[in-house]
């Protein structure tokens, strides 16, 4: 029998992706949908402006929109809230004993909140045991990173493991769906580039270093690399493309770099439904990856890498791409939940002995 | 009386910009237009597929398209040819005594060919005196840089002068007009990014260092900085946007950086018609420059700079934008020609004593 | 000396166009800017998010934003308000003795309010004399049509005059700037078409027939043609393109159609600064007009027409294009004001004897 | 066992779609790929520039590219050739005994060549028996319509059946993929509309009337309706959107129109793998269909219809959308082939007794 889950912020772009990705999921079933007060009392089909290119499932359309309070909510909650609202609501659900699998930035950098990509730092999940909610009610908060960090970190992780990384330079070209709906006005992006996304460079930098950091007792020591991010918005619907240069701690040849990516299969054997077989796919064609052509690799969960070549300033440079609302948001949270199931931390959500 | 000029490669995108910019020019008059053999014999109006948003001037439409040979051509030639064709044709015109003001990459890196941005390295023009064509017929070749290098170099020049630069990182988001017509297929760029432009990174790197280099006798010593460029194509019609990080030789405060740009008016007093009053404009708004809004500053000849902020890896980072077919191509060549007039090197083109 | 004018709704997209078009206007000077209450008290430069590709003039940036009340406002007001707000505010200004030159739809179809395109139905302006505001304070309201109607009506007027029109079919492809800012979300229009614009088809149909109608005493009898409009939004920044088929009352040859457009110069001799020399320009190339290439003809005030060919259903079909925020909004109102000056109706605005 | 099929023109955009749609097809297996001479001798993976967002299947990548001659080709050929080449090659394959399922325009209007949409006019397939190739070798040519006609005709067919249609007006907004690759230059379509597609209006008009025509012995009598098409290109990757007005022979209410579409399931019971359950889907939302959101309904094989409302000129107007390279090209041919299998005309391809 599938476990019932709820979605906070279910009518937004990421909420819609949750519904799309959970349709026919073997382990989870959408049972409860919450949204802002003005949606409450309506059916989901009435409340949502569905913007995905697969139809809204009929069963979901008929579900009522519940108020965003823990009463009556399932014990597993996917949260797709703006940071301000997440800061207020997510602790209430954790305190009520829910496992809150959050896509929000609100608690990502909090010391006892794991910021996790399953292929990268699954061991950070033990941080939840330090959360007061966990001790008191069994509930907790687990987060996934910003959509701009996740593809980058997937590409860097196997390199860090084998060769170490001392410096990271990244310049992004991010899709408009990352800003939600209505999000970026068309007047701002048609035939244009906006070289600014509020708080994005800061988040990308600090999250990347925490994700690649080492767990030391109840602390994560961030990776000791220097990093600089430039974040830009471009006229792409889905898929963040990033130009990356890195300085390694130890020399690596091109073949060693490619082998590191090809052999990176840390979830092999776990059989997580949403995990891609190859989390980092290298594409040898000289002009790839491209968002329109490559974002759906691994059902939108793979990071694709290309154009590996020497860097005149650091050691290597390359391009990385990942789907920002699948791997970079809803899919990331879903994979976190699958990992938690696999680790027994969702079965059932209970106060630890 | 205006000097007569000719245009090689007059039907292409850059050729069209030459015609647009030369309409009503106070010093030059378009008198001769050449294009590929299949256009020859027709009028320009018949041969061209005019793609600019100002009408093709009626006088120009009626001019015949001449074969691309020096016979009958004026002594001042603007050349907008593909590199392969330029390599063959430009020397013929120089040997015939023409001043060839070239936008092509063919001879930019040749030791005795000046690669010039008037605000940056006007003194490099003396290299023409080393050219054998110059000695034998009075003719010569002068080049302007690649469209991706020119905005960057304008922004860097005042910084190099005051503080020195040791390292340059740049990631570009380049407009489709840079690839000419038909150029980039729409299937490749709608809703997409192409993280590759053939030879562009190499050109951008070597040209930048030559432009910022020091003339030492008959040689240009390139700037001794490390540099790395990532070049990307985005769905923008005109205007190249670039994310830049730099390491200075000597520390500079934010105010000193801004002052360097604000006070950079090296052509003041020369009264060149196409020179912008302020070659580098800093825009304080946090989300600028943007190609759609800022590419036409200084009538398309200014580089606009914004988002100056500390870099976690080097010293400073910022965004620079310039119009790729005006400042980055036809306007660049035109300003070179105006500078040559101002220096007496076009008046008349003659064998030096 | 230039007459002082004020702008209601000055911070929106059309308000910005008013400022752009009025910069250096020979007859009018921007002296007063109003916007919503939250902008009031700030300078215009602080209150506006300037979205045009020419810089905000420094003098304008320094003007204070006034509250939207007639006290202290000039007697000539350009109004760029949403319909709901216009319905409330415009009568207050008219009652206070202002000539309100309105771009809003609020009063366009009111019987005693002229809906005018100067080249088309200047004689309708006499309707203002029927307005109670006019009799009591000298003030009045004059309107220009919806951005989708204006290019169509310019193209149809010379045909109606010479051959009569019995039926009109039009299908539009409208630019996003017509929806203001933030307007159309980028998620809705990138790589997409939206086949719906709220109330647009109704407005386009009724306004077209009123504009082409005959003044009969104090009434406008709308043109007695059948009409059907399909309105679509496409990924274009500026410029509405329309596919049109018409049935004539009397047969006309292709040459007669072209002559009707070519000879249509109803404002010749009036010397209105914003009037294009050729209000309807026919472009013979088989793939024109196109918004990117043709919207700026006549400084954005010309309607361009192309692809005239027989229609399998009605008589003739063709494509018409016009700039939706210049000819279709701010420029339309400005030309109305110039016509009113030329007719003595703004000089000074006074209670008629 | 699956029947082996070949693809002529396999490296183009439609050829690629054939490969994508045939991957895992229950009845057909790609066994032979032909392309232009310069591709011959290479593997398909080397010869193709794969432009779809699903990976090129590895087995297909390894197939050799064969020369475009019938020797060694399977007896079932999907042809995705330009019209000029089709006119030369398709008859050779038919004469050699192949069933040529063609997407080209070359023979669509030829009297003895069926132009077929399985849901619309399956009975026209008997025309193949009139082909000389059929009599001599068993081979024949069957065609599917232009991508702009197919969605329209699907939407019109149930209306014609129930109420008759006397007049059709249609204005299209067509995706760039319809022009193949490289196809439409990005300079022509970014931020733009091109109101012209060569020969498209003629094809759309004559094919629509033939498809809706009645088979009378060995002739198709085209539908006796008047028709006018305006064809435009817009900045959409996939999916043609069309504004349609129609005049009915007999009055129909809105509910009757909706019922005609809802009950249109002419292939029910045939179990064709590529046939959508609902060939015409009506979407009640006021702003649909939209290409980005609706083109993949029915796995890209459904026509979606929306905005049904009275027309001021004819009787009803609405918007129709269909995927131009799936339902409009490769999927159309594939469904034709499935229908031929279902009718026994491909099993095996043999000279009729």
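Quick notes
Per-chain numbering from 1; labels A, B, C and D assigned in written order.
The definition used in the following text is that contacts are C-beta pairs under 8 Å (C-beta built on N, C-alpha and C of every residue); 3 or more make two chains touch, one makes a residue touch a chain.
Quantities reported herein were computed from a predicted structural model and do not represent experimental measurements.
Looking at the partners of chain A and chain C together, the chains they share are B, D.
Of the two chain pairs shown, B-C and B-D, the one joined by more C-beta contacts is B-D. Between chain A and chain B the centroid-to-centroid distance comes to 43 Å (mean Cα coordinates, whole Å).
We define each chain's centre as the mean of its Cα atoms; on that basis chain B and chain C are separated by 40 Å.
Averaging C-alpha coordinates per chain places the centre of chain B 48 Å away from that of chain D.
Multi-chain contact residues of chain A (touching two or more other chains): 51, 188, 190-191, 235-237, 292-293. If the chains shown are joined wherever they touch, the resulting network links each chain directly to all the rest. Chain C meets chain A in the complex at residues 13, 51, 176-177, 181-191, 235-237.
For chain A in complex with chain D, the touching residues are 51-55, 190-191, 237, 292-297.
Only residues 167-169, 171, 173, 188, 190-196, 205, 226-230, 232, 234-237, 241, 243, 245, 286-293, 306-307, 311-314, 317, 319 of chain D touch chain C when the two sit together in their complex.
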